[in-house]
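Two complexes, one shared chain (subunit A), two partners (subunit B, subunit C).
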Partner chain A sequence: MPASPILMQGNEAVAEGAIAAGARFFAGYPITPSTEIAETLSRRMPEVGGSFLQMEDEIASIAAVCGASLAGQKAFTATSGPGFSLMQEMIGFAEMAQIPCVIVDVMRGGPSTGLPTEPSQGDVMQARWGTHGEHSVIALVPSSVYECYTLTVAAFNLAEQYRTPVIVLSDALIGHMREAVTLPEPGSLRIAERGIPDCEPGEYDTVMSDLDNILPRPPLGSAFRVHVTGLVYNRRTDAPETGDPEVAGDLGRYLREKIYHHRDAIARVEEYEMKDAEVAIFAYGSVARSAKAVVKWARARDVPVGLVRPITLWPFPTLAVDRMAEQVRTVIVPEMNLKQMSWEVQAAVSGRAKVVDFGRVDGKLITPTQIEELVRAEFYYHDWSKS
Partner chain B sequence: MSALIDEQRIESPPESDYKLPRINPHKTSEIVPWLRTPKTIWCPGCSNGTITRALIDAILGLELDAEKVVIVAGIGCSGRIAQYLEYSTVHAAHGRALAVATGVKVADPSLRVVVAMGDGDCSAIGGNHFIHAARRNIDLTALIFNNSIYGMTGGQMSPTTHTGDKSTTSVHGNVEAAFDLSELAHAAGATFVARGTAWAYRQLVSVIAGGIAHKGFAAVEAMAACPVYYGRFNLTADPAEFLKGQKEHAVPASKFEEGESRLHEQYPVGLLHHGERAEFVTSLARVREEAQEALRG
Partner chain C sequence: MAETDEHEARLEIRFSGSGGQGILLAAAIVAEAATALGKHVVQTQSYGPAARGGASKAEAIIADEEIDYPEVDTPDVSLCLSQEAYEKYAADTRPGGLLVYDSGLVEPDDNLRGRNLRGIPFTQAAAEHLKKTVVANIVAVGALVEITGMVPAEAAEAAVVSRVPERFRDLNVEAFRLGRRLAAEA
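Coming up: the complex of A and B.
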């Protein structure tokens, strides 16, 4: 029997996606506009045999998530702006100690308490560089309720595969929006399981993970008797070693390369009407919805505009941006912040095309009309009066 | 006095039927296999080694399955215990050990989790997690290395530094009042609270073992000597003299006169509070069962 469409909110879809991905531990602290994720899981987690914890703050939430993951469970937390800021130190711990986990940030206007109920895309750089020190991250941006579900599943898979925290960057609009969705059949989902290293406990110390073979860490409370640390450690033995520059350099480079080496495999991009496009709109998350409407509007008037929509924001989808830069003369980057990703696009395009940015930080979605204006300017010679 | 509003709370007076476990210290040859390395960063005369040994003694004495023992530690001189012990260990972030341990215990209730923290780790940066872990009565053992100072960062004042005490950040004498960590734990809802000293080794092993054996949140405060900073600035830089001071000031809980607990005058040691009430992980399991039962209809 094919599944029938159901009406679902973005935040609910995140919660259900996490359960489908095998998450059985959630710890969080209420904050608008992410609270529905916690509320949904307060009911659902016990029903599926999992645990829901409301912690004393967001620092405790991400810390408990790290602990649960180390004990072998798929674990996650969800928050928004101020809470995401509080989590940064422990996200760094998860990076350093290579703890698979998922952090959902439903972006709202900031800084500080900012615009609690309004959407924003102001955390995209914080997702990349929020915690101190050299590191790399994976961040996914859903632009529909359906993607809130599928990308949450993908986030857990990537977390397990690369032994890393993965950030899902939703926003107040996507999180609170209701859409009719037909969820994938549970059996059709690819789910990455944790596994245990295929070796004797005594050998584990000397078995090394390399970039193409990232071994899972055995859970706490096993014969492996692992040591997990936020200090610089020798990545062959997991033993802390802060006095040897070679060990520190090796770990630092490994933590970055672990993601960068695989970035073409990780990066997902939707390219819409790009085949003969002369102008591309580079837009992600909720803004990509307006952008797509503009592409349809332009195409109806025979104007060659396409959309490049990064689904993976980090690692940055360099391949797709390269393709785009070789093809189009202008890239329009509308985003609900002031130039955060547009700088990145500019660096990647590297003079091969003009980059036009458009930012909004008033808590309102960038409308199709606003993007249309930018498109018209690029096709000033087109006879718009005819359409 | 407890700060908890909880109808279920049952307090049993310390000396009723409950007795702390008595454990005979093990031979050094039995202790050594539980250490990953013979080298530590700890200064000569520091109490941290004594407390580490007492923890191993307690784990051995309780005959715990070593594979199921997990040590989660914070950051500080004391936090280094995680990298020295041959169990599953986590050296978490400063102040966050209890929050990490909460996730560990909920995810795998079969684990016996000991959370090693410094006094600053536990009651300054981690103070919020401390009171909430106690309030939840989660089955964890908080082992607090209380040396009344920030050792790791070089002798700054801590929430347990007494009024008037000198430190590198209270050069003119501390103007703040100190926390009594055991009473703080009790007020916040811990169902097992005990204190030992580095001086009285057998008692220290016994209070740690009692904490681990207890089902619920156990706070075990180990009074520690940091002769290098706290001692040198305030009492004595001589480790032996420091421990003799502990011998004079530590009073068995049963003989402790009502009144203020003061570090350099008198403070109670042994079992301080012991009670029973709903334990967090057990309650989560009950909720899980009820929710699944309701689903089945």
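Coming up: the complex of A and C.
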């Protein structure tokens, strides 16, 4: 029997998606506009035999998440910009120690306390480079309530598969919005489980992950002897080893390549009406909804505009952007920040097309009308009066 | 944007009042009723950092097709439950659209020609008939549903039942029905 549509909020969908993905540990500190995630889980986690912890702050929250994950649980936290900033050091620890976990950042206007109840996309670069040092990251950007659910499931799968923190970048609009959704049947979801290494416990320090075979970390307390450290470590033994440049370089490159080597498999992009597009709109998250409305408006007037919507923001979807750069003459990049992804698009397009950016940081969603004006300018020779 | 010529099958409703009046609940009830009908539905909200006071609004879009842009800029139907909300939001109502306000709390002005104005004393009626002003929002939902037929009354009443805490269910259902009667009588 197909499920019937229900009215669900984006933040609720994140919480339900996490549970469907097998998350049984949440630690967090409530902050607008992410609070409904914690609120929902405070009720739902006990119902599914999981743990809900309200911690004293965001630093403790991500620390508890790392601990729970090391003990074998699928664990996550949810926050907004100020809390996301506080978590950065421990996100770096999770990168370094290769701890699978999920961090949901429901973006609001910043910096600092900023616009607590209004949406923004100001954290997209913080998601990429917020923690210090060379590292790689996976970040997913939902643009609907349905995707809040499915991308949270995907985030847990990617975290397990690549043994890494995965960031879900929602925003105040998507998080607070309710939509009629028909969620996938739980049995239809692909769920990645943790597993244990395929070797005897005593042989564990003789096996080593490589890029195409990332071994799971055995849970703390099992028969396997496990080292966990934020120091540079030897990839074979996991034991700290800071005196050998070869060991340090090997780890540093591995941590980056672990994601970059797989970026085409990880990167998900929606290409809409791109087949014969002369102008592309590159838009993500809530702004992509306005962009899609503009593509429909333009297509109704026989104006060849398409949408490239990165669902995976990091690793940057270079394959799709390459395709776009070869095809169109102009890429319009509307975003609720001032040029954060636009610079990245410009670098990837590398002169093959003109990049037009449009930013908004007043806490309001970029409207279709604002994007339409940019499209009209690119098709100044079109007889707009006819349509 | 040419929303009007391309989104005929799209109804945009804005609920406004001051924080604490249950604006968001009113919008969620209408959205849930439309969801049960299999419509495409988006419901959004806008409020400041404070939980009480200030003009707040919540919106619902009910459509036959996928809803891309989720915001409401020129509602087809507006509800204003406070003077501040009226002054801030009433003029956004689409010309030819419907503007319903709490006539006990809002002093309408004459600058809204071209909209259909309808004043109903929701809060006063809730106090008189139900001894609770807190359900004025649900009275208003009942009236809106009765006037517009935006969703069938049965679906809306079912959504009231599902969205309010059980111990306040009867009160809210009564409030909803009171709103329908007020709208039908006037």
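Quick note on the criterion: the second predicted complex is superposed on the first by the 387 of 387 C-alpha atoms of A that agree within 3 Å, B and C clash if a C-alpha of one lies under 4 Å from a C-alpha of the other, contacts with A are read in each partner's own complex, and residues count from 1 in each chain.
The working rule: a contact is a pair of C-beta atoms (placed from the backbone, for glycine too) under 8 Å apart; a residue touches a chain by one contact, two chains touch by 3 or more.
Remember, predicted model here, so these are calculated numbers, not experimental data.
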Tell me which partner A:His382 touches in the superposition: subunit B (first), subunit C (second), both or neither. neither
Please indicate which partner A:Gly49 is in contact with in the superposed arrangement: first for subunit B, second for subunit C, both, or neither. first
Tell me which partner A:Ile6 touches in the superposition: subunit B (first), subunit C (second), both or neither. second
Let me test your reading of the model: by the given contact rule, A:Ser290 touches which partner, first (subunit B), second (subunit C), both or neither? second
When the two structures are overlaid on chain A, which partner does A:Arg352 contact: first (subunit B), second (subunit C), both, or neither? neither
Looking at the overlay, does A:Met90 come into contact with subunit B only (first), subunit C only (second), both, or neither? first
The chain contacting more residues of subunit A, comparing subunit B with subunit C, is B
Need the overlap of the two footprints on subunit A, from subunit B and from subunit C, as residue ranges. none
Touching residues on subunit A, where the partner in the complex is subunit C: 5-7, 32, 116-117, 173, 176-180, 286, 289-290, 292-293, 296-297, 300, 365, 367-369, 372
Touch list for subunit A against partner subunit B, complex: 25, 27, 43, 46-47, 49-51, 53, 55-57, 59-61, 63-73, 75, 89-90, 93, 219-231, 239-240
The subunit C residues in contact with subunit A across the complex are 1-3, 6, 28, 31-32, 34-36, 38-49, 67-71, 73
Sites on subunit B touched by subunit A in the complex: 36, 67-70, 72, 75, 82-83, 86-93, 96, 99-108, 110-111, 128-129, 132, 284, 287-288, 290-292, 295
